[in-house]
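For clarity, chains are labelled A, B, C and D in written order, and residue numbers in each chain start from 1.
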Amino acid sequence: MSGAVPVLEARGLVKEFPGVRALDGASIACGAGHVHALVGENGAGKSTMVRILTGNESADAGEVLLDGQVVRFGGPREALAAGVTAVYQELTVLPAMSVLDNVMLGQERTRRRVLDNRERRRVAREALGRVGLGDVDLGRRAEDLSLASRQLIEIARALARETRVLILDEPTAVLAGEALESIHRVVRSVAAEGIAVIYISHLLEEVRELADQVTVLRDGKDVSTGPIAAYDVPKMVREMVGRDVDSVFPDPAPHGEEVVMSVAGLRPRGDDGPGLDFELHAGEIVGLAGLLGSGRTRLLRTFAGDGGRSGGKIAVGGREVRAGLHAAIDAGVVLVPEERKVEGLALGLPVRANVTLASIAGIARGGWLDRRREKRAYEEERERLGIRASGPEQLTGQLSGGNQQKVVLAKWLRTRPRVLLLDEPTRGIDVGAKAEIYALIRELAAQGMAVVFASSDLTEVVGLSQRVLVCRDGQVVGRLEREDVDPEGIMHMAFGTGAAA
Amino acid sequence: MNRAGALASDFGARVAPLAGLVIVLIAAAITSPSLFESSNLRLILFQIGLIGITALGQTLVLLVAGIDLSVGAVIGLTAVIVAAHTDGSDGALPVAILLAAAAGAGVGLLNALLVIVRGVPPFVATFASFVLVEGVITAVTRGAPSGSIPSGLHTLGADRVAGIPVPLLVFAVLALVVGVILARTSAGRRLYATGLNPRAAAMSGIRTPLVVASAYVACALFAVLAGLVDAGYIGYVDAQLSRELNLESIAAAVIGGVALTGGEGTVGQTVCGVLLLAVLLVWMVELGTGVGGQLAVEGAVILGAVWLQRQTLSQKRSVKG
Amino acid sequence: MSTAVATTARARQRPRLDFSRVARSGLATWIVVAALVLGLTVHDASGFWTTGNIANVLTAMVVLGLVSVGQNVVVLTGGIDLSVGSAATLTGLLAAIMIDGYPERAIPVVIAVLAIGALIGVGHGLLIARVKLPPFVVTLATFFILQGVAFMITSSPTGQVTKNLSNFALEKTGFFPHAFIVLIVAVALVAFLLYRTALGRNVYAVGGDSEAARSNGVPVTSTLVWAYVVCGLLAAAAGIMLAARATIGSPTAGQGLELSAIAAVVIGGSSLMGGRGTLVGTVGGVLLFALIETSFTLLQIEATLNDLIRGLVIIAAAAIFVSKDDR
Amino acid sequence: MFSRRVWFVLGLGLLSALVLAACGGSKEGTEETATASGGGCKPSKSVETAYDKAWEQGEQALELTKLEIPKTELCEVDTSKWQKEEPSGGYKIAFAAQGPTNSWAAENEEAFKTKAGELGVEELYASADGDATKQVDNIQQLASQEPDAMVVVPMGSSITGQVKAATAQGIPVVACAGTIAPSSGVVSTVTRSYELQGRLWAEWIAKQIDGKGRIAMISGIAGVPTAEYPKKAAEELFAEKYPEIEIVSKQYDDWSPTKAKTVAASLVSKNLDAIWSDSSFTALGVYEAYKEAGRPVPPVTGDASNAYLKAIQNADVKFALSPFPPEMSTQCLETAISILKGEPVPNFVNVEAPAFTDKEKEKYLRPECSENLWIPTKLSDEELKSLKLCE
């Protein structure tokens, strides 16, 4: 920053919610043309800081400065007008609206109060071009586009504004491969235009590659800040969690010989391919790799009985399982979905109720809930999984992402499943909690549970799996045993560029 | 949020309708002391019973993020069926009640089918079945319901036990039963989970279509019971009443604090709302404000009650950030 | 560009002809309308295709159309307005009372009454957007309050509109009732508002996801207020039309309009969750209702069957064309 | 900032509009004469006599002295301008009816239909479903099918303009079982007089309590003519003649037995001396409510239903009933036909129906018939059976 006044600076931000101090004197300063990474565990206060910087929330104490002048945003509109734009972690693309309308959302161009469609198209086209979506049909509904395109539309929307500070809140959390690269390209070019970028990510390698500066948040405070060169990944992790996390991936125990689930000629609904043959052993951990939309999730869901089959058979413990969610659950095949807030939890229920949601019959006697048994169940799972909640009565919606994920896991573990299916088990979860979940998966496998997980995070796939299936265009195109697993090979298969399979 | 905070705001949400009730009671006591004479009190108690029974059913439907506008039609249907089948004879009553219950359950099932299978918004689905059921009644009775209500139903609608109207007792028992089911059984838990997040509930192995259907059928059956109570209360087929109970049952639950978005609300809150509404209705008649004043005050109280809840709720919500 | 994008795009590109798409575009109701018109033509062409009958259908569309179009704007924001019937009643009554037969007063009173409708909308909008009360409850309350105020003013007919006004409401040229102009103008204005102004885009955005809209700088509060203002204005316009047709003020004139209006909007393919729906569909829904109502008299259908048929048509239309993801 | 601007603009608009509106000018005429046809109405002794007859019957039956008949403009309408040769298929007469929303309407429409069949009239029917807004459209639709004449059972005042449009189109309109504002141009009104009903009940009440005491008034549906006009007539009478009668409470019960009973129950504690009401639903509710409270039932009024007579047949209750007979629709039809034949018709036909008190209850009770029957009925036994009203 070489002494120049930073474009955006926050000093000593404090924000308190009833019972929680989300920010406790956090500061950050970002100069023009720089990419400033903001990292920290979930619940460290990153999102709250973004919400304050963008006027969505007002700080209890501390100040925000723009070009050295103290500003006080009354709402997002004022922040946007001042040139502070954010692209949020949760997509704010409106599915029912066209690409054009989505890019122009909140910044309509009008002439004498009437929409100026020519100008709108021009602006949108230009912004989309800057994110590499130059040839997309402006009239298409956003819901018809891929997740990656929608993420890019969000960025285009920000670029169409007179933006001086661009805040990107985990823009790559849902992306992989080329899509990820294209975002990186966009970020670099935006910074090169002299815009200050605040970049939030859990992918620390990405941060190393992209950022000029980094600020680490922990417990609502900025514990460390400096040029990225001074930080390697282990150091960032150390600062984030306040301790060393040496070995993220413990060594796997060899799996058993018993076949828990066998799949023969399985074709998910809408699939006209040759069908999948596959055996899953007790204690085995299988990773499903592939690009977004490659059919990973669909395959996982077909295992879980959700979505129907075009053909094929699944047997668990030698007994055939009909298609259907309930049949699968009864057979001990359960799915921890990617969208835990949408598909995993009733956020308005207390934690104890979500823990017992799938095994409600187990804590009821003849339909009557046994409160004490339920509390005991909660305590058991809290200990086993290290759920951090204020108590069994806390509303699940108030927990952090990692803890919510643990509650979903707990919900299924109480049904004593034989096959645990996980879709993006650590998406949006911080490093500390990730390690805990990896350890847990290993432990469950060691106890004889079979695990299949799908993930976009290659490190995760490589580190955790004993076997990897690679999907492309809805089919399993490659199988790799642990000793053959390497990231490059997986990518080749996923893109269909290598000689493999 | 810590536990004490959660409890406090929960307490607040619960207290809001109670506070409203107390305010109305005090205002009523000041403006028209005669409201608390025995005959008026009995009337209030009866109103609590009649509105309450329908409001309980409505609560179940609201908890699964639905709404039932066909309640009134089912009440009318019940009276018509009982009158036509028994024509005043007590002997035929049991069968008539079964017929009415079957018809009511049929309407509930129709609602459920439209909502679950076809995904029609509950508001429209139940409005459509309201029109349809009223249509069936008119088509079959040709506008003039035949037969009469057997005197046996009088016990249910107009008798008193120890000075307390039977409908109130029925309501009290039902409220207790529904309250316990919601709070203490796995069925109740499934209902809340389904209302809060149907997708997550289904993914957790809960048969959500069954849960939703049960709520609609139960609501219709409560309406049948309300129809029997009403028929017993007056001893005649009342073709006019039905429309009002639609709105009143919803209003009672909503005043109490049951959310229209599903999964939020308890029977206790509904009971509070019912008490408030029943007192209000009788008080307005007692005041003699005229129909205009009655409607205006009713509207204002609904607004006030929800406003009060909003104040306590806004604290609770802000935690999410 | 990126393969990931391309891959998923290809998988989704296959053209699908499913009901929900058709329903959302608002075409579905027009298919039902066409079927109904065809049926009526086959059944009784000489009765249906008379200038008189067409005028009847168009006339029956006016009041319901006005409130439905207003309702549509509110529904697009994810809201609902249960008070339109009461608002129409009150404004119509006020118009008749204030005009009271003085020709000079007609125009200012019409403006004043429209302003009252708009004020009702501002009230709704502020309670919903600022105080954040649920629209259903707010408008249920005002449904009672506005009808109550109407009854407080009078419970028997009173007031009188001018001859010019009532003539405008009652006269027709051939098959074209003059009052239909009001509906055309209203639909044109609202269409302009929805599709050609920033406000219209914002209405869809707020209905689609109000949090997302807010954080992207869409003025959510004012968008909501404007939506309810449009709804209130059109309810007042409907009230004036009711009064003009009645020639005198009645405290019960608009009762029951709200449910028909909501039904017309939903059957027209708009989602009660907001963000999806078209004006074309809503107008189709209104036409459908007008056709049903006028057919009862045209075909001399046994009166006891009216409600039954009405119920069956609404259920059938809802069950077939209101698609699952529109919930 | 947004809303403040809007408030300002709206407020300003409202204010200026109101100021403008208040500026003088002259009022348009309301065409006070009963017939829009203008000048075709001659005073007629026979019409006046017929009108008074219903009043006299009431006076005698209710044992009232000096029942004051309010001034009404009565005359005989010259109908020659509507005279029309009867077509081979019979006259086509439109009937804008209430629709089968209750037994009164069902009987009303059945009677019309039967009579039309007898007279060889082609009936063109429209149901308003009890809704005035719907009836407005109905009238237009009926008029567009060019009937020879139209009979309207008015649901509310909002139909006035559309009726006017129909009369302007040259269709003679008969208001039936209710009144429509004179500005509508109806040729003749055939109904039991609202004034008669309201005043008859009021005078009887006054007599029961010797002109002083506390009473309540309960009427049907707010804003509906059949409920509002008798109430208005009674209120005027009480105000003029009986200053010592205090009207403690005015309520509506929507003609719902349940509401009637709950409203009456809330009045029990008010120590009323009598209750004025416009229907036997209400009278029934009053009886039930007082009986349940264990209090003596106050004198009550209403129209005449079998349900009420059945309920009180063994009880000692003082009441005065004045029927509002549903089958007056036949008289409406006859009037319409007279108009088409060019015969002079009265501008107002006061439908005769026997008012009676508790002394005559045995005479009018029909124990073999349903509660839904309105008495006394002129429908034949077969018709009653086909409507499932009697055995």
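The definition used in the following text is that a residue touches a chain if its C-beta (ideal position, glycine included) is under 8 Å from a C-beta of that chain, and two chains touch if they have at least 3 such contacts.
Bear in mind the structure is a predicted one, so any value in this text is a computation, not a measurement.
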Check: Which chain pair shares more contacting C-beta pairs: A-B, or B-C?
Finding: B-C
Checklist line | Geometric centre distance via CA averages, chain C-chain A, whole Å | finding: 42
Notebook entry, point to check: If you average the Cα atoms of chain A and of chain D to get two centres, how far apart are those centres in Å?
Noted result: 71
Next item on the list: Quick one: report the Å distance separating chain B from chain C, using the average Cα coordinate of each chain.
Entry: 29
Next item on the list: Quick one: which residues in chain D touch 2 or more of the other chains?
Entry: 99-100, 109, 222
Next item on the list: List, in ascending order, every residue of chain B touching at least 2 other chains.
Entry: 138, 142-143, 290-292
Check: What chain pairs are in touch here?
Finding: A-B, A-C, B-C, B-D, C-D
Next item on the list: Using the touch definition up top, name the residues of chain D that touch chain B in the complex.
Entry: 99-103, 105-107, 109, 222, 248-252, 254-259, 261-263, 265-270, 284-285, 288, 292-293, 295, 307, 311, 370-372, 387-389
Checklist line | Parts of chain B lying in touch with chain A, wherever the complex brings them together | finding: 1-3, 5-7, 9, 184-190, 192-193, 196-197, 199-207, 263-264, 315, 318-321
Item checked: chain C partner contacts - residues on chain D that touch it in the complex -> 2-3, 6-7, 10, 13-14, 16-21, 23-28, 30, 97, 99-100, 109, 124-127, 129, 131-134, 136-138, 140-142, 144-146, 156-162, 164-165, 181, 183-184, 221-225, 228-229, 232
Check: Once bound in the complex, which stretches of chain A touch chain B?
Finding: 17-20, 22, 48, 51, 57, 306, 325-326, 329, 335, 337, 342-349, 353, 356-358, 360-361, 363-364, 367-369, 390-391, 393-395, 397-398, 411, 415
Notebook entry, point to check: In the complex of these two chains, what residues of chain A are touching chain C?
Noted result: 54, 56, 75-77, 80-81, 86, 88, 91-97, 101, 104-108, 110, 113-115, 132-133, 144-149, 152, 157, 175-179, 181-182, 291-294, 473-474, 495
